[in-house]
Structure formats: C-alpha cells, structure tokens
C-alpha cells in the first residue's frame, strides 16, 4: 500500500477504500530496440575507455546496460592506474548525464556575459566559427587549449601555425611549467621525469602533492601503497616537507611543516649534510655542483629559516642518506612561490647526490610514443599563458579580437591578478568549446559543446607519470547525448571549412582517422608491433584499452645541465596587514573545478576538513582563537587583489600563519550543483610569477581574515573543538597496539 | 560454508575517498543536497573517518574507512521488529528494504553508525537517473539502508559460476569499493576459505577489528600500519 | 488491515493493450523456439525481446501482408529509430524492490509455463499466475529447496 | 430526600455531566485546536515523508521517542497507583482512583500513538502484528519494540477495562437519576448503554469487587513490565549510557514519579475547576504528597547511582555522554532536571505545608518538565555522541515535532475534558461505600461502647 | 402492580435486612426477590436462601494459564512455522519468549476476569426494564423488589414489606 492510500484510509477511516490502491499495479513497459546490440537486453557490457577528467589519462572500463553507462571501473592493464579509479573518475558519469550539460551549440543572445544563450544548429555554429576566423587578422587570434602534450594539443599548434596566428597557450596546473624547467636543469629531462616511488625505501617529497588530485592521483596512490606494503621485507617511508597538511602530508610517515617558500633551503641544507657526510661519490658531488656551485646552508640556518627543529632536518637527511633506495621529489606549492624554480631544482638535485638516476626506486627519463612528432609544426613553442593574459589586457603584443578556448576555463582557473575576467569582456568574439556554462563559457559569443570521452573515439597518451608510454585508445562507449564532439573533431571540421591554405594541412577525416594514421605510420616504433599489420595492431590495442610500453625501455635521465638560480627568499604579495600566507590546493572534492557540478563530488566530504557542498578556509586553532573565529563561522578573506567570503574550518594540522583554500568553487553558473556555491580562491591570487618562468606564483599571496558572523557549514565529520581527546577506534602504526588509544588533541 | 569478509589495509589507504564515490555509483545511493547534508543526513555507506592525533607540529592524521562491519553478532539484527535486517547464511548482514517500516532502531543500535536512513524519497535530476544501477533497488523514503557488500555483484558472480558449473573463484568478486581503490587497500573474499587472500590477511599479526571490545565479530578486518 | 491483505490477491489484471496484436500461438505453431526471440532467458536476468530488425528479417517475406505485420514494418521502416514500446504483462511492482532473474529459474528446470502459463496457445499474452504474489514464489522455492533468504530477491 | 451517603457534595461531581458548562466547553475548544495541530502536523509528515522532522543521523530518535517514553511514564499515574492503593486498602484512595485511571488510559493512548508517528513508513505498521500471511514472514519477537507492542497493548487493554469496570455502577446511578429527569435525552441513552443494564444486586457487587481486586493484582506487574520494557528499548542497545542494568527499575521509578506528578497537577486543577474540595481534600494531597516525596528520593537515588557508576567506570564512550550532560552541550538540560526533579521536591515536600494542593501542584509541574528532560537527555544525549566520534551529531527539532508534542498535550486535555462530561471524575459508589464503612464502623463502635457501658452498669 | 412486581425502598441496610428476613420467613423464593443498591452491601443483605459466590480468582488463573501458553506457543511454534534464515542464530531465544509469555499471562488474566465479571453479573442486560423507583437507588437507597405472581400473594407480600418497613 502506498502512502497516499494510507492518508486516504486514515482520513476516511474505512477499510474499503484501501482496496483501490491494490487493483492496478503501476504500469511498466518493455522497450523493443530497433537494432541488434552486442548485449542482450538487460545484459551488462564492459567497454574500455579513457578517462580524461584530469591530465593523467587513466584507462577505464565502463559498464553499459541497455545503452546507458552505469559504472566506471579501472582498466587493470593500463600502466597509469592499474585498475584503480579516483573519485573524479567515477563522477564522469555525472558529467555524461548531467542535467545542466550543454547538448547543442549555443549562441549568446542579449549581452555577453549575461548568461542568456540560444541554441543554434551545429553546422551553423561551425560556419560561425569559420566566418569569425576569417573576419579578424590572423595575428589577432588567440587560442587557449588543454592537452599540451597530446595529439589534440599538437593539432591546435598546427592550427595556429596554419592560420598564421600566435602559438596556442595551454592551460594546465601552473607549477608544472616550473617543475619541467627544474627537471631540465637538475636532471636534464625535456619533460617531467618519472619517479619510481613504488620501489623506493625512503621518499622525501618537497611539497609534491602526489596523493592529492591533479597530478596522477591513482598512479601515485598505488605506488605509495606498494612502497609501503608490496614488498615482504621492507616498508618504505615517506617524508613530506610542505607548509600545508595536504592529503599527501596526512599520509606521510613524517611531516615537516616548513615555512612556506623555504622548501629549497631545506633541500639544500639536506644536500649539504649529505655532502658533508662524505658518503657521496666524487662524481655525483661534481655533477651536483654543476647545479648548485655554491655552498649549501647549514642545517642550523635551515632550521631557523624553515621553522623546523634542526634535529629533525638532520634525522631526515640521515634517513635519506642511509636508505638503500632514497628518492626526492618536488613540486606543488613549493614550486608556486617566487623562488619556486630554485626550490624544486634543489629538491630534484638531491637525487643526483643519492645516485638514483635510472636505478630501481629512483628517477627515470620520461617515455612517450612520440605520436605528436609529425602533427606538430616545426616550431613547437607555446605562448605562455601569462603572455596571453598580457595580450588580453592589451599590455603587450597584438590585441586579441578572437579568442578560442578549447576545453579549458581560464577565467576561473587563472589568478584574478592577471585580470582575465575583466579583459575577456573586451575581446570582440569569444568562442568556447565546453559542455558547461563555466566562467569562461559564460563570456562566450558561441559555445560548442563537447562529447564526453564516453561518447567519442578517444586516444590519449598519458604524460610521463606511469614511467612507461601509455596511449589509451577507445571507441565510443555510449550513444552521444547531444551534438557535442571531441575538440579535435571540432577543430578538424572548422579547419576543413577554412580556405585551402589551412584546409590542406588538415586532411584527416576525423580525430580517429588521425590517430589510426599516426599509429600506422609509426607502427615500427610501437611496442609489441612486430609482425602485426596496422589494423590488426590497432584493433588489438582497442580491445585491451590502449597501447602500453614496457618497463624495460625505461632509461636514466642525463643529470644536471646547468646552474639553478641561487635561492632567493620567497617574495609575497601583501604588506604586513595581510597576516597569512594563502595556499590554494586541489581537494578530491571538486578537483580544479571539474567536479563542481556533480552531486557525488559536492556531497563527497573533503578527506581532511570533511566539508561538503561548499568551500572553506583552513585556519590553525591558535590563529582562530586570536581572531575570535569559531569553526563554521563565515569569514572574509582579503588580499590585495580581491576578497571572498567563505566558512572557517579550524584544523589542528594547520601551520599557524598559513591558511589554505580549495580550488574549484565559486562558479557564477556551471550548473545547478555548482552555481554560487563557495568562493573561488583564485579571486585572491595576485599577478606574481615564479622567477625564471612564466608560471603564476599562486602560493605567494598574503591575505587577512576577518570574521563576518555565524555560518552553517556543511560537514560530514565531527568538527574540531580543540583540546579534546580524540578516540581512535583501532590501533595504528606508531603505537604498535590494538588497544584503544586515547590521544590528546591540540590545545587552542 | 561461505562467509564473506573484507580486509582493509590502513597502511595502504590514503583516504582519497574514491571508494565512497564508487559506492554511490554502484549502489544508487542518493545525494541529499546541501540543506539536508547540513542536517547530518548525507549518506555514505563507505566513509573515510579522519582522526587527528597530537599537537602541531607533531600532528598526525589517521584515516579509517568505515562501512557496515557485517557483524557476526550484529547488534542491529535482533532489535528490528519486522525482520528487515538479519544474517544471511553467507554471513551478510542483510537489509530488506521492502520489509523495513522505518523504526530506525537498528541504526541506533549500530555502534559503528554505518546505517543510513532515507529521510526523503531520492531525487535524481533527469537524465542522471540513466546512470542508476538496474541491479540495485532505489530505496524509497522511510527506509533504512547500508552497505550490502555489493550483494548484487556476489549474486552475479555466483550466477556466472553456476552457469559455468564451477565454484566462485577467490578474487572473482570485487565490491565496488575494493575494485576502485587506487591503493588496493581493500580485499574482499570468503573468510571461510583458508586459501583466499582475505583469509590469509585475516591471519596476519596486523589484524584488528573496529571497536573490538564490543564483541560484535565484524567481518571487516583492519590491517593496522607500522613495520 | 486484514482486508488489505486479502483484497490484493484476488483478481489478475486483464491483458494490457499492446501496440501490435502479436500472437504467440502463431509463432509457436510455426515452430519458432521461445529462446530464439527471448534470447536472454538462459543466461540473463531478463528474457528480453528481439530487436525489431530481427522481427523484420523474417517478416520481410513471412506474412508480409498481414495487417499487424504491415503495422510493425511501417513502424520499423519509418519510425525514425523509435523503439516499439510494449506493455509488460507480468509486473512485479517496483515498490517490492525485487530483482527477478530468469536464468537461475531456467537452469533449475522451471518450465516457462509455470509462471507465464501456456503462452504458446495464447493469441494475446495474459497473466495466468499472480507473479507479484510473494507467497506464490515462496511456495515453489520451498518445494524446490531453493533459497528463501530475503536478500536473494530483495536487494 | 436523600440517601445516607448520597451527600449534597455529589452534585458537584454530577453537574458536569449535563447541560452547557462554559469552562468545560472552553477547555475542550482550546485543547481541540491543539488536537487539530497534532493531526495537521502528523498528516504533513506522512504526506511529505519523515524527513520533515528534525531527527537525523546519528540522532535517529528524537522528540517522538522522548514523547513516547514520557507519555508511557505518565500513564503510570493511575492504574498502577490506584491498584497499589486498592491492594493495600488505603481508604483515602477512593476519590483519587477514577481521575488517576483516566490519566493512565489517555496517556497510554497518546503514548501508543508515538511509535506509529515516528515510523518511516507508518502505512505498513501492520508488519509488526503477527498476522499469518503468505509472505512467510513474521514479526521479530527478539526485538524490544515487539515487546513494547505487546506490553503496551496489554497495559492499555487492562487499563481501559480497569477504568471501565468500576464505572459501570456509576453509570447506573446516573442513568437512574436521568431516567427520571430527562427520560428522552440523548445523554440518557448514552448512560443507559454505558451502564450495561447494571442493577446493583448483591451478586453483581460481589463479582465486580472480586474482579476489581483480581485486576488490581494483575495490573501492577503489567505496569511494571511496561516501563521496564520501555527502558529495555534503550538498555538492550549497546549504546553508551543506555546499556545499563539499572534502567528497568530506574524507568519504572521515573514513570511513577512523573505519574504522581501529573496526578498532583490534575487533581489540583480538578479541585479548583470543579470545586470538589470535599473529595480531593487536603488529606488526599498530603498522603499523595508523601508518596511523591518517596518517589522524588527514589528517583534521585537512581539518578545518582546511574551517573556515579558511569563516572567511576570512566569508559571512554560512556564518559563522553556523561560529560555532555554534566558540563557539555546538554548541561543546561541536565541541571534544570536536577533542580526541578530533586532540589525543589526535596525542599518543598518534606514540610506538611508544602504538601498542600498548591505546593504539590507546583512541584508536580516542575517534575513533569524535569522528567521530559530526563528522557530527552537519555535519547538525544546518547545518540548524538556515538562511539565513533567522527559521526558525532546534533539535533534540532522541527516545527512538526514541536507541533506534535504540543498537540499531544492538547489531545490529552481534550480527552480529559470529554471524559469529565461523560463520567463522574470521582467514583460515586466507592466514595459512598467509604462513607458506609465509616458509618458502620461508627455504629459498631457505638454498639460496643453501649455494650460495655451496659456491662459495667449491670 | 402492572408488571407484577412490588418495590420497596429502604434508607438503611438494617431495614432492608429485616425485610428480606421476613420475606424469607414467609417463604418467598429467593429468585423472586431482587435487592439493588448503589454501593456494595454487607454480605447478609441478601434474599434468604440465595447463594452469592464468584469464581473469580480461579477463572483469572485459568485465563492467565491459557494466555501465557498461547503466547508462548505463538512465539515458539509459529515462528518456527516461519523459519527465516538468520545465519544460525535463534529465531526467538528463550528470554524474549519469557517476556512475551508474561504479557500473555497478563492479557489472559485481564480478559478472563472481565469476562467472568460480565458473565456472573449477567451483563450486558440492556433488555431489563427500569422500574419506577430506580431513582431511589441513585440516592443511595436500597431497593427490594419482589416478583408477585397472583393478586392474593401480592397483597400479602405488600403487607409483609409494610410490616418490615414499619
């Protein structure tokens, strides 16, 4: 009996009326599909695909029932994720079936930026792009794209070159540029090297957020777990030197909460200690001196500068030195200070001293199939995104009259100090390839929706994170929901409609044709291709989810190539009235914002703060007490650049004087689950750049915090009240006990 | 006999929470929205509990994945007045939604607080409902729910094995959480099969249970960290 | 309240109206096996319907001038890929939260007619057994020594 | 012309049964509105799902179960007290039993409503009833909730019969009166039917009194079992500060304590409202006040014992709940409870002057509030502090829950006002019997004296 | 009298007793005499020759036994007739069965007690007509009514009652 009948029954108080509800069971239907499908009705089909939710490019398997995608699991064969999937990857299904997803091309109706759009036919939209490109001088076109290292990125480079436009700018995590540059200096690799964490015995991470999302969370999580538990006789140790208690730091065996911007000093002091111990081979020491000719600071100096006890620095240095397989990695917020390049170079340089280049549990050169070689024009230089921002602001270079943004949200992701949000309004025509009305799409004249990776042919080569080359290769898993296409297919369609000079350089019928052609051309270089025809090789690859290189091909990086910049003190924006250093971070909740419009992720508690459905700022108990802020209060966070309001989380693991806020919140629209929820931390970040690079120094902003009033913060776990003992329900490592352990929490 | 069990290696677990989202996707768990979540009604059959230990700078974080412990002596079972929750012959702590009248007594009596209640009927904004797993019921309002050890996967694997006229192999069944775990911290299997990986892990000296002193005899085993 | 319990299981619903007057008996007379169309019945939860293309492949020639076949072919050819939507004859209400699987029943040797009646002699498929009656399911499960664990079906 | 015991005061008792009584009408109206609030709130909850209540995870039980325990506690006012008094043949019970038993019956009805209100799917509550069915399923008799269902059904049935049985002769008295005064009135017909054709023959009296005695004996253990079982709803759960052996007697004592409290308040109001000082005399208040005092001390003792063991044992999870009460989130509630349940009664009730009607009524009102708080502390205090601290929660009632609480008080008042208009609130025949006994005793004494005097003179 | 009964009203129990004794001496059968009062009277204010007894504690005990047994059987046997899989745990253990049996005992005792009272009192007896002097009972008088078959005896009985009252 259903509720309505019950209401009726209780109101009439007569048993006879109850019978009505039973007579007609709810009607149900059986749908007879038109054509045969590989699966029977109701049968589960498992299809390979490639996750494109972050740059890692994990291999996934999708369960499809009656044409609908139901569940995402990891492809065991894919070397990046080895069967694992992260939270963001699972939620891809909620992008596919998102109620607010754009399914048809949209043209701005009314004022741009007002959010008013009307649907246009797909062919009309392509024609509009073509005419927009024809209407402006080629040097006044600007392109922002994603997939810097992949085939799509290469296609954009080729496209820009064919048009005669400036090279495209690629939107990626800004510290990656710093890390690449540092790796080039310290290790001599052209791209990010591969760190064999799984086989290391002691890993020192200078700020590298390997277990946090954004890099290759699944791969490194597995490597981290294997480092600890996959070997019967040894359990690797992980030491994290980072100002913030990130997810990585939370899992580390040792956490060194250094003062932000002094990570390089720590690394140099450790290097000094190791060198002084005399156990470093002369050759390694000599190579290290190429990188850092000067003398290293003493551990005592470092202790003062980093605000970490000297004996702990010495202990870490000793542990690293004596470990059979020591490994040092660096990046993250350490790379995002004005001295970030020096910080990371100092960290990576330690590997030279440890002599682990090309050794098991050490550092390896990046591996790639090199498919982009012939797609790229001869000059592969990209426009730094900072340069593009300057063009948009009209401060340098040619002004921008046509801006094409492909699968990226620069308005949301770039520092407010760069002024993109204001400048984009002055661009005549903005064309955005996006499936959601994110902050950039809202400014568009024309939005061309994208197909999710489940609805399109996908080929994506993971950057170096797996150590071996890995090209995920998959056909569409489900029927497309709308008109959206792969960005490369949109590019090819536009290019074909452009004048002959451009069109002739894009002869591929589709992205799929391009990939098949490239693999065919390079078949001899492909792993395991001996004796196979191109089509057989490709179909075998698609049947296992991609082309995967083997570990035997891993090679050692060459070593230091030049002197790193000596360590300047970190500069930060904001005078003494801005009392706190601000550290933005990516939470597994929303990632960089990609997960913002997915209910699963919005309701997913952040692992540390346990906040759901909104943004927050993490404060130390001492600072909170001084400011009179209680957990959950609404606070205003102000920098020289901007100001936002959010909720305060009091967290005993926050370094006093440092606050941190998650990325990916505070969208103007971006769908019903994201709209107006939380605040965008990038609105606070200033224009500063990392010295020696063009990357944003996003960790160099100082803020002040004032209490606004009481607030209701949505939390899953218990709030931290300070001073109370927390009962840990089962024993953990250091206590070596299975008894109940009662631990005193921090005092406020 | 079969007794399904799970081993969770807390030394491998990094608290990333992929398991929790995998569980949402597999089991049609509703997302309740900001307002309801603020009232403490968010549902995560699998949750990662976070505990702080110590004072800055010597503060440590401990992650503890907590799901229904599928107790051998489940406190939730005897208190249900209508037999909506009981122990199955395969050692699962079953929850029969159709039978549940919503006294919420079982949830009160669960020392692990792993039972979740449907305060309102779930809503899936179209076309999100196309993702719903057809093998799992969408629970109506007024009904208790909790981790089932992905019973639909167990049944599917048993069905396939029966069609192929063989026994279910160890490792053939993976719960959604264990499948997705990037750290491979979760192992699922038959505790009564001495050859199974989970039984092997259960015999190690790292084995411990959550709130052991309550003698609920959980089927979930935690492997504690350390060397 | 006792009234409710008695009241529900009285009468079986009449056969629902279908888009095409499909006759099982004609197909059985022409010696088409049940499993040829209901392919999933031995391996899947759902017995399933054949794709319209499968029907069309025969009916291009067979009984092509039968008015109902004409109706079907019209929908197949000019329906813009719209599927044919049939009404379920045997309905277990979703509120029961039951996940019925055909394959284990077929494997256990349960005759189709046990639940579906002698469909082969029906021109219009009609419910002859109240499949939504849990007691009916249970009686058979007990007789056959099949699982009577609630979670086997309700999950 | 009037009989020996049908005193002039009886008029005050019979008066509400006929004609228009503004006080009663007004009271019924106000409480009737509150009843509307109750059913509106409940209906709103059924239509919009249980989520409109403020309960959440981990506080799965809130106001509804608090109210349930509270009302079941209140129900120990009557049947148990009157049964104890009847069994012990306390003469001063005679004016008290009826109004106390009525409290029991109505409070039980309301209390029994709350488990239904608190269900997530109340439309299938009959799954709890052991009806043979084709589904092959059966209620789980291991569940304390099933014990509750049975115990409350038994107690309610017993209480209703225990209330009605002694009312039959009274209905007959009124019937006989009204048949002469208003032979055709509708109410007359009601009393004719209600009196079941009682004639008052010696055999009938004999059977009735035997029956009442037997029921009094049966009902005492039932009443004890009811609240014990209610306490077992909690004590069977392994939650901190619920899992306690003391809970059975603790709850029974608390129930009687709140029962006496509500009786004091009700008697005070009846005495004032109906002007029946002769029946609900100061002596009655004094005697009940002594009983009240005894239970105040007993309850305080149990409360102390309960908390002392927890404090001394210092088990972590229990200690968390304990701290929440003593110094934490719930300390305001806890100390209010201690003041109104222990401090005030022990300050006022020991003094004869304190046991005057007004004094006991004020104490009673306080104890009612205090006992409600006690249940709130037990239910919410424990649930919001589960063993895994990560899942700690909080609870704020919604308007629906508050509406239902207020409405339940209204329903109680409404039923009571209706009862006042349908039956004499003091048992006429029992009071008369008491007076007869007094007369008889007096006569016997006179005769004895006379005999002695005769003997001494002779 | 029209209905063939004679009614007499007494204010004091002693008077009523005297009248009853007189009636008894005069050989009026006890079943023809009805005594009615609004309070229970002493045990000797009964028609001479009438026996007053109740089976109450015994029927209550019997009811209790039956109720307890029934509930115990319901729990033990019926729940075994519905054998739900419980993973080897008892469907109902003995202690819960005890609790339920106890309630059965109580419910049986209560119901049989009330049933016995109603049966012994001949209730409900709505069909019996009220007499003209019934309102005296309401005033706490004692009514003695005697059934009179013939005219002669009627006059004789009236005399007897008069005498007693005098």
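By letter and in written order, the chains are A, B, C, D and E; residue numbering begins at 1 in each of them.
Keep this in mind: contacts are C-beta pairs under 8 Å (C-beta built on N, C-alpha and C of every residue); 3 or more make two chains touch, one makes a residue touch a chain.
None of the values given here were measured: they were computed from a predicted structure.
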Taking contact as defined at the start, I'd like the list of chains shared as neighbours by chain C and chain E. B, D
From chain C, the most remote chain by mean C-alpha position: E
Which chain, with its centre taken as the mean C-alpha position, is closest to the global C-alpha centre? B
Please give the pair of chains with the highest number of C-beta contact pairs. A-B
With centres defined as the mean of Cα atoms, the chain at greatest distance from chain B is chain E
Where the CA atoms of chain B average out and where those of chain C average out, how many Å apart are those spots? 35
Averaging over Cα atoms per chain, report the distance between chain D and chain E in Å. 29
How big is the gap, in whole Å, between where the Cα atoms of chain A centre and where those of chain D centre? 65
Centroid from C-alpha atoms only, then distance chain C to chain D, rounded to Å. What do you get? 58
Find every residue in chain C that makes contact with two or more other chains and list them. 1, 43, 45, 94-95, 148-150
For chain B, residues contacting two or more additional chains: 47, 49-51, 64, 83, 86, 88-89, 99, 140, 210-211
Counting only residues that touch at least 2 other chains, which ones in chain D make the list? 121-122, 124, 136-138, 140, 142, 146, 387-391
Chain B touches which residues of chain E in the complex? 84-89
Contacts from chain C onto chain B in the complex sit at residues 43, 45, 94-99, 101, 103-104, 107, 149-152, 154-155
What residues of chain C sit close enough to touch chain A in their complex? 1, 3-4, 7-8, 11, 13, 16, 39-40, 43-46, 48-54, 76, 79, 81-88, 91, 93-95, 132
Enumerate the contact residues on chain B facing chain D in the complex. 36, 39-41, 47, 49-51, 64, 66, 75, 78-83, 99-105, 107-109, 111-113, 116-121, 140-144, 210-211, 214
Residue ranges of chain D in contact with chain B within the complex: 48-51, 54-61, 115, 118-122, 124-125, 127-128, 137-140, 142-146, 149, 233, 236-239, 383, 386-391, 393-394
